[in-house]
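Look at the two complexes coming up: chain A is in both, with chain B in one and chain C in the other.
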Partner chain A sequence: MGPFIARRLVRMVLVLFAVSILVFLIFNVLPGGGTDAAARRIAGKNATPQLIANVRKDFGFDESLPQQYLTMMKQIFSGSLVSYQSQLNVMDQIKQGIPATFSLCIGAAIIWMAFGVLFGYLSAVHAGRLTDRGLTILALAGISLPVFWLASILIVYLSQKIPIFPNGDFVPFQDDPWQWLVHLILPWTTLAVLFVGFYSRVLRSNMLDVMDEDYVRAARAKGLGEHQVRTRHVLRNALIPIVTLFGLDFAAVIGGGAIITELIFNLNGVGQYAAQSIGNQDLPPIMAVTLFGAFFVVLFNTLVDVAYAYLDPRIRLGTSAELA
Partner chain B sequence: MSARPESGAPAGSATISDGNLLNVADLSVRFATEDGLLKAVDGVSFDVGSSEILAIVGESGSGKSVTAQTIMGLTRSPNAQIEGSIRFRDKELTGLRDAELQDVRGKEIAMVFQDPMTSLNPVYRVGRQIVEAIRSHSEVPAEEAREKAIEMLAAVGIPAPESRVDNFPHEFSGGMRQRAMIAMGLALEPSLLIADEPSTALDVTIQAQIIRLIQRLNQERGLAVILITHDLGVVAEIADRVLVMYAGKAVEQGTLDEIFYDPQHPYTWGLLGSLTRLDRPRPRRLPQIKGLPPSLLAPPTGCSFRPRCPHAFGRCTEPPSLEARLSEAPQHMDRCWKSPDEKRELRNVEGRIGLRSEA
Partner chain C sequence: MPEPYADAAVEPKTLPVDDFSSDDSTGFEGRSPWYLAWRRLRRNRVALAFLALFFLIVIFVLAAPLWATQVAHTGPDTTHTTEKITVDGKKKDVVSLDGQPIGPVWFGAAGKFFLGADGSLGRDEMVRLMYGGRISLFIGIVSALITTILAVVFGLLAGFYGGKLDSAIGAIMDVIWAFPVLLLGIALGTALSVGNGLQLGPITIPGNSIWIPILIIGFVYTPYMLRPIRGEVLGLREKEFVEAATAQGAGTLRIMFSELLPNLWSTIIVFFTLNIANNMLFESALSFLGAGVRPPTSSWGSMSSQGFTLLTSQPQLVTIPGLMILLTVLSLNVFGDGLRDALDPKSKITLRARGGQIEPEKAST
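Let's turn to the complex of A and B:
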């Protein structure tokens, strides 16, 4: 298991390196127009010649491309990157947004895993019967509802018409855990519904496939109870592909997939920061948030690989690890 | 083929039902499918005495696996209709609730399946899967169950069982996995083992080892075995009695010697005729039974073997009953209208038993 994890970590660093080069090229080189144009884009709308000159200096635009890359990475990783429009430090802004984004994403992820697995399990166990059909309709509805529509409906009915929940804003957990929870229930629901529907469908079909496996019949033949057969043999094996999905989806949600939810509920998270920066054509924050998102996608991919090796012992073999 | 090991119960003694372990009477299994009602098993009856080996032979789709799985209650499903009686000791298995059946499965009747590569759960260690079987039936501490698992792995001939017990299934070869399956089946000392083509998916040398193992367990532990196979060579080596199935029906049943030396049904002749024999000059091509088994959705009227039988005559449109047609062997039953004298002549193909390609 040790060498396996080491290999994955090395690969993770290489992928991140490649992503950072791509980000550099996309923002500073590919749009064309030379370094003057790049400096003007980074400086933002209505920039003064003085500001553009500052950008040229900060980003080392008079030097070679590799040197420019290094300067940009140094800015991002040392935390000295600033937005030239707002004069605010980008890293500070991201750090401020992280508690809201993580609270939203982690909470929603727990909800969507719990309900996705529960509904998928019930659907598979009662396949073809009323429970299954009802859950299928629910799942398809959940997958089809657009996030902005669902969020608006929740706010209208559960916050305005019947004022049970607040209609937005984020309260840090350490300030008031109860208010933190109450404020997040609608955003969590909004973000989780799509995934609950999707995961329950995937798990249902995985479980139905696994139920036909010889080892499930063998488990019955050795006299295990139906519940044991379903949980230890069917569910356990059917969950393996769900773990992959979960790793990717969770990373995507943290790295920008929750932007709409954050905006509608005004959570002031990283996603909302990115959305505002896009609206203002403010490039430095977008660069940093792009790398931030990429980092989580790559990190969770690595975690998924390690979890996979734990869940499915066949993966731990050196050869299949190379093939994977 | 005549060289049957003298060990084991002598043929013939088993036909006297002295405290039969298992009585299957008039068992029928039908499945409702989209294309209609599929008659997988149609009125099959047989007994298994304690420490006896019964072989069920037939082509794929003849209903032998469904018969075996029905004994264990593994074919129970909303679209299955199961009729008839399965008595194990003094219990009627068809009448048991699922929870009661769980006490029989594994503990009193164990089953080993055809494909050992897929019959072990890939995510659990082999030992754990044996322990799970043990602990699902008795309140045994985990450590003791593990000791028992090691002991069982040793008993089925797994080398270094103390370390092998912690291997995952993919670290076992096919033969070892089948041994592990047998170890798992026998961990609770059942009195009946149902082996559904236990050696079919293995290569030839390993096949022989697995069959030897089953034979040894039968002799040493008095384990009764239902061996499902299409390999008549294996049957000749270890079975006491034989049930030949075709299209869901028993077409012939009797002791090993009766079936091999005086087979009464043309289908049995065909099976025997298609064996490779090393003691005869090799013909250019192995004889085969022409055609395919009939559809179980719409079986032919009359004798179900009629469409493939070169000896079919007028009466075969009438379904033949399963009865003893030889006065000297009252337990030897078959489903063929021909008289025993005619059969003795017809089954002789170039000096040996076989099914002619043309009548």
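Let's turn to the complex of A and C:
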């Protein structure tokens, strides 16, 4: 276990470094039109020459590239990065958004996992029959929905025409758990639908594969009931790849996949902060959110890998290259 | 693959005496894999119906100039802020005094403002919808082409040469893979458009050009297609026909492009179809957030974004462009699914979104 973790950590550090380099390249080096392109980009629209000069100084644009890289990372990680348009500290704004983002993503993840597994199971058990076909079409529709469209439809029909749910805003859990729940139902649904579609499709095909395995036949041969075979032998093994996917998806959603949902439902999370910054063409917040989002994904994936290796010895002994 | 034989057994061959192209001496007609795939696809009515839907949408957007000149008598960017139109005999403001655009009038004004106006500028929503669809489809298709070309070329190189080249390509892909795709798209989209666009040597792309979202989308999805292609090349490289080609003295380029590439076509075609669908969805998300296409160009995504401010009073400004995206993407997804079953019934290639991003996935057996 030790060597595996060590190897995995080294790889993680390398990827984190490369990720930060890419963020640096995108924001500071990417050739734009004219001189001072990067400084002007960061200063924002309608920047005065004075402001551009300040940005040049803050980001050390007169120095060598490695020095510029270090300056940028220092700005982001020390929490001193400010938006030159709003004069607000980026780190503070991100911290404020975290409770909303986590509430949204964790709740949605529970929903998509539950329904994905339920639909995938039903689809596999009834493979080829009407239930399966109906669920397949539903799943494909789920993955083809533009998120903003689904959110708008939900708001128009379930909040305006028939006022069942509030059309947005975030209520912190500690203030009022009931309102927290009610306000999050539509955003959770919006975010979960896409994944329910995928998970049910992936689980269906995994289950159909597993059903051909010898140990399933053995379970039937020893006289287990069909229900037991399906849930205890087929479903359990078919769920293994789903759990890996879940780790990746959950990280990606927290790391920036929920931007549109947050924006439309006005949840004031990290994603909405990023979305508003895009609208204002304000780069420093986007810089920080991109870097933190990617870092979160890499860290979380490493965590999932290690947990996996702990649970399944095959991974840490050799075949890890494929699965890691 | 049992199925080809099953097909052949159903229709015993009446051996054409003069057909020497059939090199099968068993009395069965040789059938190309493409023909067999076509037969399987033909039986899949649902996939074909959705393909037809896709073509209808293509015809719809191609008919944009016709509708604009013959029916609506206006262009996608022509404003009618202060004008009045006659709807069923009554005069109505295109944009009311408090800035509210007129809603759908259907054929009340002989096709003018069929879907109403788009906002305080009073542009014809239907005309904009048709022209916007051209942009959405164009971006989807061209960016999928870019992804495919990059993924195939680098996938072939990585898989065939292996070693250091493979590790280097793999490392770059790992880094791109680490980013949530939407964030990477946003980062690139804003960085490139806030400045004055992209300058690469002699080529300058202005910040509001549609080539910026096209290049971004094509680029960010490359790893998701490259990995499975590389994996397939790794497997094919060890096959006898490659050895045979090497023995005949074929060079590496020839082995890559005339021996290996033909074996990848079915994967490429399926990916390409699903990729278009996915890219259109991604473009709509980027444009909705304001990091995709920029004015004066508009796509279904940016139209929805602009209409979103009027969601309460004129929800059709969001729901109709969104519905067009849904229908187009769904038609391609269902057709792509059928295509995959037809071309390679055993394969497990799927494109999966991860927070708005796709991920090719091969069954790990």
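One rule holds in what follows: the second predicted complex is superposed on the first by the 301 of 324 C-alpha atoms of A that agree within 3 Å, B and C clash if a C-alpha of one lies under 4 Å from a C-alpha of the other, contacts with A are read in each partner's own complex, and residues count from 1 in each chain.
Just so we're on the same page, contacts are C-beta pairs under 8 Å (C-beta built on N, C-alpha and C of every residue); 3 or more make two chains touch, one makes a residue touch a chain.
This is a predicted model, so every value here is computed, not measured.
Would you check which partner chain A:R236 touches, where first means chain B only, second means chain C only, and both and neither mean what they say?
In the superposed model, A:R236 contacts chain B only, not chain C.
For A:P146, decide between first (touching chain B), second (touching chain C), both and neither.
Touch partner of A:P146: chain C, not chain B.
Name the contact category of A:A218: first (chain B only), second (chain C only), both, or neither.
first
Examine A:A294 and indicate which partner it touches, taking first as chain B and second as chain C; both and neither are also allowed.
The second partner, chain C, only.
Determine, under the contact definition given at the top, whether A:P313 touches first (chain B), second (chain C), both, or neither.
In the superposition, A:P313 touches chain B alone.
In the superposed arrangement, does chain B or chain C reach more residues of chain A?
C
Between chain B and chain C, whom does A:D132 touch in the aligned arrangement: first, second, both, or neither?
A:D132 sits against neither chain B nor chain C.
Which residues of chain C touch chain A in their complex?
Touching chain A: residues 171, 174-176, 178-184, 186-200, 204, 206-207, 277, 281, 284-285, 288-291, 301, 304-305, 308, 311-312, 315, 318-319, 322-323, 325-326, 329-330, 333-334, 337, 348, 350, 352-357, 359, 361, 363-365 of chain C.
Within the complex, which stretch of chain B touches chain A?
These residues of chain B touch chain A: 72, 74, 98-99, 102-107, 110-111, 113, 115, 118-123, 132-133, 136-137, 168, 170, 181, 184-185.
For a test of understanding, state which residues of chain A touch chain C in their complex under the given definition.
Contact set of chain A toward chain C: 15, 18-19, 22-23, 26-27, 30-34, 37-38, 40-41, 44-45, 137, 140-141, 143-149, 152-153, 155-156, 160, 194, 198, 201-202, 205-206, 209, 241, 245, 248-249, 252-253, 255-260, 263-264, 274-275, 278-279, 281, 283, 286-287, 289-290, 293-294, 297-298, 301, 322-323.
Residues of chain A touching chain B in their complex?
Residue positions touching the partner: 213-215, 217-226, 228, 232-233, 236-237, 240, 311-314, 317.
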